[in-house]
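Letters A, B, C, D and E mark the chains as written, and numbering starts fresh at 1 in each.
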Amino acid sequence: MIVRDQPSALKLFFVLQGSIVPNIIGRIIGVAVLTAVVLLVDQHLVELPHVSIAAMGIFGVALSLFLGFRNNAAYDRWWEARKLWGAMIADLRTLGRDLSIFVGRGEDRAEILSLGVAFAHLHRGFLRSADVQAQITDWVGDNQAKALLARTNPADAALRAMAERISHLAAQDGLSGFGQMRLSETLAALAAAQAGCERILTTPLPFVYSLMVRRTTYLYCWLLPFALIEATNWFAPIFAAIVAYVFFGLQAVTNELELPFRNVQNGLPLDAMCRIIEVSAAEALDRAPPPLLSPRDHVLT
Amino acid sequence: MIVRDQPSALKLFFVLQGSIVPNIIGRIIGVAVLTAVVLLVDQHLVELPHVSIAAMGIFGVALSLFLGFRNNAAYDRWWEARKLWGAMIADLRTLGRDLSIFVGRGEDRAEILSLGVAFAHLHRGFLRSADVQAQITDWVGDNQAKALLARTNPADAALRAMAERISHLAAQDGLSGFGQMRLSETLAALAAAQAGCERILTTPLPFVYSLMVRRTTYLYCWLLPFALIEATNWFAPIFAAIVAYVFFGLQAVTNELELPFRNVQNGLPLDAMCRIIEVSAAEALDRAPPPLLSPRDHVLT
Amino acid sequence: MIVRDQPSALKLFFVLQGSIVPNIIGRIIGVAVLTAVVLLVDQHLVELPHVSIAAMGIFGVALSLFLGFRNNAAYDRWWEARKLWGAMIADLRTLGRDLSIFVGRGEDRAEILSLGVAFAHLHRGFLRSADVQAQITDWVGDNQAKALLARTNPADAALRAMAERISHLAAQDGLSGFGQMRLSETLAALAAAQAGCERILTTPLPFVYSLMVRRTTYLYCWLLPFALIEATNWFAPIFAAIVAYVFFGLQAVTNELELPFRNVQNGLPLDAMCRIIEVSAAEALDRAPPPLLSPRDHVLT
Amino acid sequence: MIVRDQPSALKLFFVLQGSIVPNIIGRIIGVAVLTAVVLLVDQHLVELPHVSIAAMGIFGVALSLFLGFRNNAAYDRWWEARKLWGAMIADLRTLGRDLSIFVGRGEDRAEILSLGVAFAHLHRGFLRSADVQAQITDWVGDNQAKALLARTNPADAALRAMAERISHLAAQDGLSGFGQMRLSETLAALAAAQAGCERILTTPLPFVYSLMVRRTTYLYCWLLPFALIEATNWFAPIFAAIVAYVFFGLQAVTNELELPFRNVQNGLPLDAMCRIIEVSAAEALDRAPPPLLSPRDHVLT
Amino acid sequence: MIVRDQPSALKLFFVLQGSIVPNIIGRIIGVAVLTAVVLLVDQHLVELPHVSIAAMGIFGVALSLFLGFRNNAAYDRWWEARKLWGAMIADLRTLGRDLSIFVGRGEDRAEILSLGVAFAHLHRGFLRSADVQAQITDWVGDNQAKALLARTNPADAALRAMAERISHLAAQDGLSGFGQMRLSETLAALAAAQAGCERILTTPLPFVYSLMVRRTTYLYCWLLPFALIEATNWFAPIFAAIVAYVFFGLQAVTNELELPFRNVQNGLPLDAMCRIIEVSAAEALDRAPPPLLSPRDHVLT
């Protein structure tokens, strides 16, 4: 995730970081050059067929419909993913408090809460295909770390391990039925957030939308020069480049937001959020908290 | 559900799988040919009445309104269906954990959790009109499988069977009131997700929308040639084909997403999600989990 | 609710059932005739003032804004109403299961669950101003049926009668505190769904929207001929008829969906949903379930 | 809230009640007259500069964006307010039932439920700056009525008084822990609905939107005549009046819906909803319920 | 937050407070001057290339798509932030009531509720980077205030301190399991609202949107003069200024709403809401409540 202030009007056009221009510069130049060639051929060689700008308007409305829909859907996925992680942060803090209320401040609390932190890391590892063994070993020890990672769904296994400890505590009269119930509810909330993230990861927008939007965008930009000939004269290449920037750019942004867990510029900062969870857990356990992560070169991973 | 990477720009126009072009190619060609005929007749035989492209613009805004609304509504249905299945996955994992917490790791837990897996399969069977007897027999045995399938609503019967077992356990002091309550809440969540899917299955978008959208799309594409004559010259057939692709295509996509449980290219992968549930249940019961399903030819069923 | 497959392209224009054409055919013909008259007068008698099609475009965007907003709001009401009924179906199944868990399978369960079915019928009776005495007498007997119907809000009275029975059961030690709590929560969920339906029934969209949309639609269609004269030549009457179909049609659909409980073609199938509830209750009580309702002439009431 | 059937097409243009025409007739006439003057000056005195209708189209899209956004936001506020009141109705019925279940049908139930009715009236009094002393005195007696009204937030004080009674009952063994919990949850739901209404009342849409929308609407209508000169000829004044009706009308409607608790034509019928609550409470207490409020002159307050 | 009545039509164009005109007046004048220069050069010096207004229309639709999306997203953030604070107000009132029900009216209640007020102030302090030591010292004393502020996340620490007190009370038999459970649930709700606000604060809209929208707006306004030359004649500079007002204005508003916790004109009144919480807490504790905050110069902080 990019964290930086709004650039001033002067710098606005020279900021490359966080911009999607580098990804689509080839297509922008391509459309501009095509337009220039069409213009030159039309004026000096042979008159090309023109497309009325109003006809492009009809096409443009349809394309806007597509791009607008896809953009909204992708942003909703991104924002929902962030909400689910925010809910996990709150739930893990709640887990710590509830353990204080129902279990007391002993070793059991520390072990269950540590499993909670491991759950967050394991979930992140699944979402990013990242290796999290080192991080969870710090919290749950080497043996348990390996046992968890050996499962098909390690994060789910961490929740199950927490349930085992809770069951054990209750059997030893260390936990009332009320406590069992509240802790069970909190684990259920964590599981719901986990399944939500898995849903976003494994169910992209229907493939057919991507196909239609991309094809339509290309067709639009290829027809555009024939409409701009009479509508914008010598502004045509500039105009075509701007339109290409807008439409290809929106499409590229949407691709990034659609899969919000990847470690890309506009992805969600899962590392930083796991660290927030570690800080909360450490403070709850009266340990020295690790420092919060800072953006490096304006990017928070 | 189609699972594949974004094709490169070169391949983009030749990908047929996941595309709706094969479904609508007849209509696209029809519109292109009609446009060519209108153009030829107008230029060489007799001047036909023209429609101003601006008038088509008005029409196009209305059509966009329809298609946009219907597309949003269909996508919402598809995404809500996926959310409901995601919630079921989480709830069944929660069921497993809660049984550990409140019942312990004995045979009772295995039986109730197996009924939970059967519930998922029976629900899938209802949504897809599929035969699931083999799959549930593996989990609940032949007799119970037949008894469940004999009911009008087998998935509901599975939930009731779970409630019976819970009631029985409680009567034998194998389950506290707290446990009864949590398990009852989880069954209620499963029932809510089930009823949500039944709603999406049995209540399509109002039929009148389909009629209006389809009629309007046809009328639009039939009038379009008379507007393109002067607006796009020799580009007219190509232009008409593209517009037909966009509008008929969006309509065809919407038809697929509107009923998300069918076993079609853009349908939800119910088989794969049932397998995820089986994996979670098997791991909770310390059994060897079956392998996750992989897309076959880019399609996950 | 209309239940039928998508018609083929050939039949598409001749399907009248489920179409709103019969309701608005007068207005469509009126606009077409008006346009033809304007066209004839303008060409053979006296030149009439023209309206530029671009000006109509501005007007059309505003009208689309209105119609689009109203359509979305009406559809949301319709879909929310369906969700509330779906929630009631799930809640009544949950009631049956919870009675099994906390009360056991005796006569008390049957009586409370029967009151639940009566609640659904009474609620339907209120929403449709229908007589439901016969249906509820089957479930709760003649005396209680009359007593419930004598109240100002009979469905609420049914919920209160269920609470009385629960209170009675608890006083006789037939129900634990946990059971009281879960049953109370389920009744609360039913009451919330009931109040939601009452809200949709008694609070239509603000009247002023209907006025503005209808007035604007008429004004638009009356001005349209003066714009079509030069924009579409001899297509004008056909074009005007199509636009009238689209705008009056959308308005008529919206009127049906806005009040989703009425027994109209696009209304919700309350009878069928009450029958689903009866089937679930009968199966829970091990009685022979009545058959599900089938659409008659493609319409499910 | 206006409650009336849709007027027939004949009456449609003469219905004034519920229409916002009376509020904006001055502005409509003003725009029409301005247009006529511009037209006359342009044709008989001196040629005025024209604005292309296409340029107005660009402007119109931006204005539609503003008006559409503001209209959606205002309607959402109105509808959320109605939902919150609907939830309060359900919650107060639930309170009555839960008191039956956990407390029994004695005097305690009546007192707590009466405080619930008083809560609704006090909340209404706060939202409408209305005097509700008479209504609540009927339910809770003169002394308590005065004590509640003396507080800064009387509705909150009513909830606190209910909590005091619940605490008192529990201390006297008249209420189990389960009952305390359910009643506490219901009070929490009432408090959430109350805070939601307070939010809608005290946080209008950001002022800057109102400024921008109103300014833009005026500028648009003032520039419009210069565009209509050539686009609509002698229809110009009529056309301008219609556009003014649409844009000023939508703006006026939005103003009414934005603050939904006021006692205006399109405001929510808080009096009628408080009466519904009174009826439910009276029936729960086996008292003769007061009559439901009827619309007077088509308006329900 | 600005609190003032709608200005009359006369004053409408002279209200500067709450207007974003002061922020963007430079850009508005710049665009107007550019347009005038282009017009003069084109008419008296050398004919400049023109851009057809229809081409700008296409561009304008794309820009509207961007601005509309960003405006909706920013408003949703602002309104969600307000909802979260409203939920906190309700939850803290609920905390007070639940303490009455489960703990009684002694010193313990006062201490826990005071920690709740401190939580609100500490949360506000975090969101606004404000110093809140004085305010919380009033409620929890100097020592605890310093201890809380020494933590990385002081608001979370306040919730943990409340949990510690609840645990302590339960250990001394001053609180039943039911009470533990309800209080734990209320703390969980506060933690969820807190994490929601942290999410809105730390996760702005993706940076790439800001870049694209701002760049596109500038490009649009720079190209506009070349389109207005023929479309609006001498109205061009006025027209350009209005369009610049609309587009730059919407963008500036969006910037303010996107980060709703800042102490700016359109920010949320966190100070006033903390005061509302203090009033409710004081009345619950039978202390004299402080006065509610009034807007100063129409602004509520």
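Rule of thumb we're sticking to: contacts are C-beta pairs under 8 Å (C-beta built on N, C-alpha and C of every residue); 3 or more make two chains touch, one makes a residue touch a chain.
Please read these numbers as outputs of a predicted model, since none were measured by experiment.
Colleague: What is the graph distance from subunit A to subunit D, where chains are linked when they touch?
Modeller: 2
Colleague: Distance-wise, how many Å sit between the C-alpha centres of subunit B and subunit C, to the nearest whole number?
Modeller: Computed value for the inter-centroid distance: 23 Å.
Colleague: From the mean C-alpha coordinate of subunit B to that of subunit D, what's the distance rounded to whole Å?
Modeller: That pair's centroid distance is 38 Å.
Colleague: Would you pick out the residues of subunit A that each touch at least 2 other chains?
Modeller: Touching at least two other chains: 54, 57, 61, 177-178, 181.
Colleague: If each chain is a dot and touching chains are joined, what shape do you get: line, ring, star, complete or other?
Modeller: ring
Colleague: Can you list every chain round the ring, opening with subunit B and moving on to subunit C?
Modeller: B, C, D, E, A
Colleague: Give the list of subunit D residues in touch with subunit C in this complex.
Modeller: Subunit D residues touching subunit C: 1-4, 6-7, 9, 12-13, 15, 18-20, 53-54, 56-57, 60-61, 64, 67-68, 71-72, 75, 78, 82-83, 86-87, 89-91, 93-94, 96-98, 100-102, 104, 176-179, 181-182, 186, 227-228, 230-235, 239, 242-243, 245-247, 249-250, 253, 256-257, 265-266, 268, 279-280, 283-284, 289, 292.
Colleague: How about subunit B: which of its residues touch subunit C in the complex?
Modeller: These residues of subunit B touch subunit C: 49-52, 54-55, 57-59, 61-63, 65-66, 69, 73, 151-153, 156-157, 159-160, 163-164, 166-167, 170-171, 177-178, 180-181, 183-185, 187-188, 191-192, 194-196, 198-199, 203-204, 206-212, 214-216, 218-219, 223, 226, 255.
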